[in-house]
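There are structures below to look over.
Next come two complexes, and both contain chain A; in the first it sits with chain B, in the second with chain C.
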Partner chain A sequence: MRVEYINPFVEAAFKIIGQVIDQDATRGKLYLKSVSQPVLGVAVIVGLAGDVEGRVLFDMSEETALAVASAMNGEKLTQMNQLVKETIMELANMITASAVTKLQDLGFSFDLTPPAIFTGVDMEISNNGVEALIVPMEISQGKLEINVAIRERI
Partner chain B sequence: MGDFVDVKDDYDYDESSNLQQQQVDENRLFADFKMVTFSLGGKEYGVDIMRVKEISKVKDFTHVPNASPYVRGVYNLRGEIISVIDLRLMFNLEPLKREDGLENMIVVNHEDHVSGIVVDSIDRVVAVSSKTIQDPHPIFSNINISFMKGVVEFNEQLYVILNMDRIMRKKVSVQENKAVISNTADSFSMGMQPFAKPLSNSNMSYGSENFYQEPPRPVARAQAPSRPVQEVQARPAPVKKVEEAPQVRYERRAEPEVARARGGLLRRAETVDAVPVSAPVVEPEPVQSNNSSQLRDKIVDLLSSKSEVIVSGVNKDWIDARADVYAKKGLGAKDITDVDEFLTGFFSASTDKLWDDDLVDSLIKSMSHISSESIYAWNPGCNQGYEAYSVITALKEAFPSNIIKLWANDVDLINVSMAPTLSFSDDEVSSIYKDYMHEEKSGLRFTPEISNLILFEYHDIIHENPYPPMDLIVARDLLSFIEESSQAKVLADFEKLLKPGGLLVLGDNEKISSIVLKKVENEYLNIYKKDV
Partner chain C sequence: MKSKTDFPNINQKKAEGMSPDGVPFRVLVVDDSMFVTKQITQILNSEGFEVVATACDGGEGVEKYKELYPNLDLVTMDITMPKMDGVTALEKIIEFDADAKVIMISALGKQDLVKKSLLLGAKNYIVKPLDRKKVLERLLMALK
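So, the complex of A and B:
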């Protein structure tokens, strides 16, 4: 992945999560992954198009998703209902949009697709041909992985 | 332009032929599939006649900047602008130079637009029975198959029937830079397989395979006693051979069993009485003592624990010769305390700095045969980027007016992140680079015109390498850092991604043996060239 793309995603994730969920969020070590990987339980995908093609995947367990949605809504949510799903999608949208805005400032033009959410058990995501940058985030509600797989159009 | 070529119709077949009559000449009686045949690189191909709008001889395409290499440009076909692709380039064959400049073009329909494909020569229309069309032979790799609909025999001549949808899709996706409409009703009357895989599938992203050639198969070759070339089998699936086999290659590092196997390999190599070409020692005397094999085992362990260098067929010659130096001095395994000292002289000239002028000149000279319009190069393991800037300077010197693009990547995030803004002090820059630099606060930097030609990426080469066909790959001292189990995959990617005639530059003390990559004599660089 082009090095210029990395920072905007990391910064955006850090900033938005700090603002809306947990001020003390910490970031783990970035790494690359290309094989298929298990999904923790709740996954939101935002597609990217434009100068690049790819997608950003936000991955967390159901408990984390409920806790995050509770924190963002200011009320205790215990069921994976529509509100929780929409809250998580909104979080993904905010982070991706913020990253894309930063990238626009750097002169790269990207478009996003509306987020889509997947929930279930024993899910796996495979990406053929594109390796993914993993940005692990530790928040008090649990672990959130941001998985960015984009490549240049050639 | 616009002259029509006569196409002979081979058969006047009767539409209403009775399919029940399974008699005499099947080809003739049930010829329900007509194809326009053409040749490309001496092989015969066919394309469904229902997709062919017309055939013409044309010249003077309008070049489209930054299009894929196989896109010849656009052409004005009686007021309609069509894009034209060159199948030779798409299938990685040498471009054909025509004296009159007139190319044979087949104009094909694809969904609601038309495009041109340039081929060597257009033959005729052949009618065959769709029943006789066979699926692509499994000997072709996946990538090849994706462009093929099938193979058919006619008059003792085999025709490969191309899947125009696939080829056009690939082109449209790349050239027009927009999402492709999903495959609507296929215009084929035959039950051909519809397009099934998503566009982003890497299997079909680049036309980097020679279409008709069988993929080279791993061939076990006997080692000539006079020249101990270490085989690195550049096949995706290296076969682990028994210990007694003449070439033992892929052993895992950690297992003690295998450590012995490696020792065995080293001992076997000693018995071959010859001097490695690039070894720093003039005459490494084979030492047959038990002591020396222990020393080598120790060195292998030492290197794996204290450095990132991995002893493998790629660098074994040098390591062996170096171990001999130690053995001759009477030094034992315990005397090697400093790994860096042991590795003195292993790394290539001008590592972690801009290349010396000699290296740049020698790279420029060795690229004189390259005639691509767009020059694509790849520098995996670019580290802080010095090598990438050196290579781009050489490319710019060698091809001042071509489109140049260099992908440089490294798995070290910190190093490669700094690379786009690398700056230099005046004394580390020779005059050859100064032309492309300007002064900034932080020191001398390459101008945006140059640095924008390089795309620095955070990327691990052992993952998928989704790149277009390359004219040049510079991977000095890279294979020595890759686990043996992954080396074969990386080498296979190199072989696949290089255009015919493309160059691979390896580290000064690295060595590979490949069926398609041949060593090129060069004083300063260790260059391999892909067979044309």
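So, the complex of A and C:
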């Protein structure tokens, strides 16, 4: 996977998370995975289609999702209700859109699918022939992983 | 005994979401995200605006605009929505009322969509994440 696809996601994640949740977010070491990976419990997926294709997955535990949604709404949320889900989807949407804007400025042309959210236990995700790059982020609400799998369209 | 006039008014700043005669500006919020609608409503209410209706997609937005017209001052319009997108809804609202004050809101900073919306008659454009100052500044500018 080319690094120019990834950097905009890392930069966008820092920018948006810094603005809406935690200014002191830190990034862990990036790593590549080509096999199945576990999903932490709450995952938002946004698809990309155009000059490049693939998906971005935003993954966190339910506890972290509740804490992030509480921070973004300015009120304590304790149940995985519709507001929590829509808040987490909006976070994923803002990060992906910001990254895509940068990639479009660099000359890549593609569109986004609306975000979808998965919740559950013991889930995993596999990519058929596409390596996934995982960007782990530590925020005061917990751990958030941004999992990007993109390839160029042949 | 102290009368009311003995106390200074420490809160002289007028809420900006109201017309000079104290009537709140009436706003229609069109967005498919419950979170964003809630956020915009909170920002606007805090400054004295009145959110008179909300809509979850462009089609519903156009319908509500027509129902509320002419008792409506502003529309905030998301771009990416199911059924009918915000740019199409903007076009339909401007067709119905050439003086409509519509402010586009999107997470995408795509230049072509900004340009298209402004050419179609949108008064301004806000890129998410929404920040209270930015939202109020753009909305008030459109009302002037």
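Going forward, the second predicted complex is superposed on the first by the 154 of 154 C-alpha atoms of A that agree within 3 Å, B and C clash if a C-alpha of one lies under 4 Å from a C-alpha of the other, contacts with A are read in each partner's own complex, and residues count from 1 in each chain.
The criterion applied here is as follows: a residue touches a chain if its C-beta (ideal position, glycine included) is under 8 Å from a C-beta of that chain, and two chains touch if they have at least 3 such contacts.
Only a predicted model underlies this, so the values are computations on that prediction, with no experimental measurement involved.
*Asks:* Quick check on the superposed pair: does A:10 touch chain B, chain C, both, or neither? Answer first, second, both or neither.
*Replies:* neither
*Asks:* I'd like to know which partner A:130 touches here: chain B for first, chain C for second, both or neither.
*Replies:* first
*Asks:* Just checking: does A:30 make contact with chain B only, chain C only, both, or neither of them? Give me first, second, both or neither.
*Replies:* The first partner, chain B, only.
*Asks:* One more residue to check, A:56. First (chain B), second (chain C), both or neither?
*Replies:* neither
*Asks:* With both complexes overlaid on chain A, does A:43 touch chain B (first), chain C (second), both or neither?
*Replies:* neither
*Asks:* Thinking of the overlay built on chain A, is A:139 touched by chain B (first), by chain C (second), by both, or by neither?
*Replies:* So A:139 meets neither chain B nor chain C here.
*Asks:* After the superposition on A, what does A:65 contact: first (chain B), second (chain C), both or neither?
*Replies:* A:65 sits against neither chain B nor chain C.
*Asks:* Using the superposition on chain A described above, determine whether A:90 touches chain B (first), chain C (second), both, or neither.
*Replies:* Touch status of A:90: second partner only.
*Asks:* Quick check: in the complex, which residue numbers of chain A touch chain B?
*Replies:* By the definition above, chain A touches chain B via 1-4, 6-7, 30, 32, 34, 49, 53, 128-131, 133, 151-154.
*Asks:* Going by the contact rule at the top, pick out the chain C residues touching chain A in the complex.
*Replies:* The touching residues are 33-36, 38-39, 42, 80, 82, 106-110, 128-129, 131.
*Asks:* Which chain B residues qualify as touching chain A in the complex?
*Replies:* Touching chain A: residues 68, 174, 177, 179, 200-203, 205-206, 411, 413, 416-417, 419-420, 455-460, 463-464, 466-468 of chain B.
*Asks:* Touching chain C in the complex: which residues of chain A?
*Replies:* Within the complex, chain A touches chain C at residues 16, 19-20, 72-74, 82-83, 86-87, 89-90, 93-94, 96-98, 100-101, 104, 112, 114.
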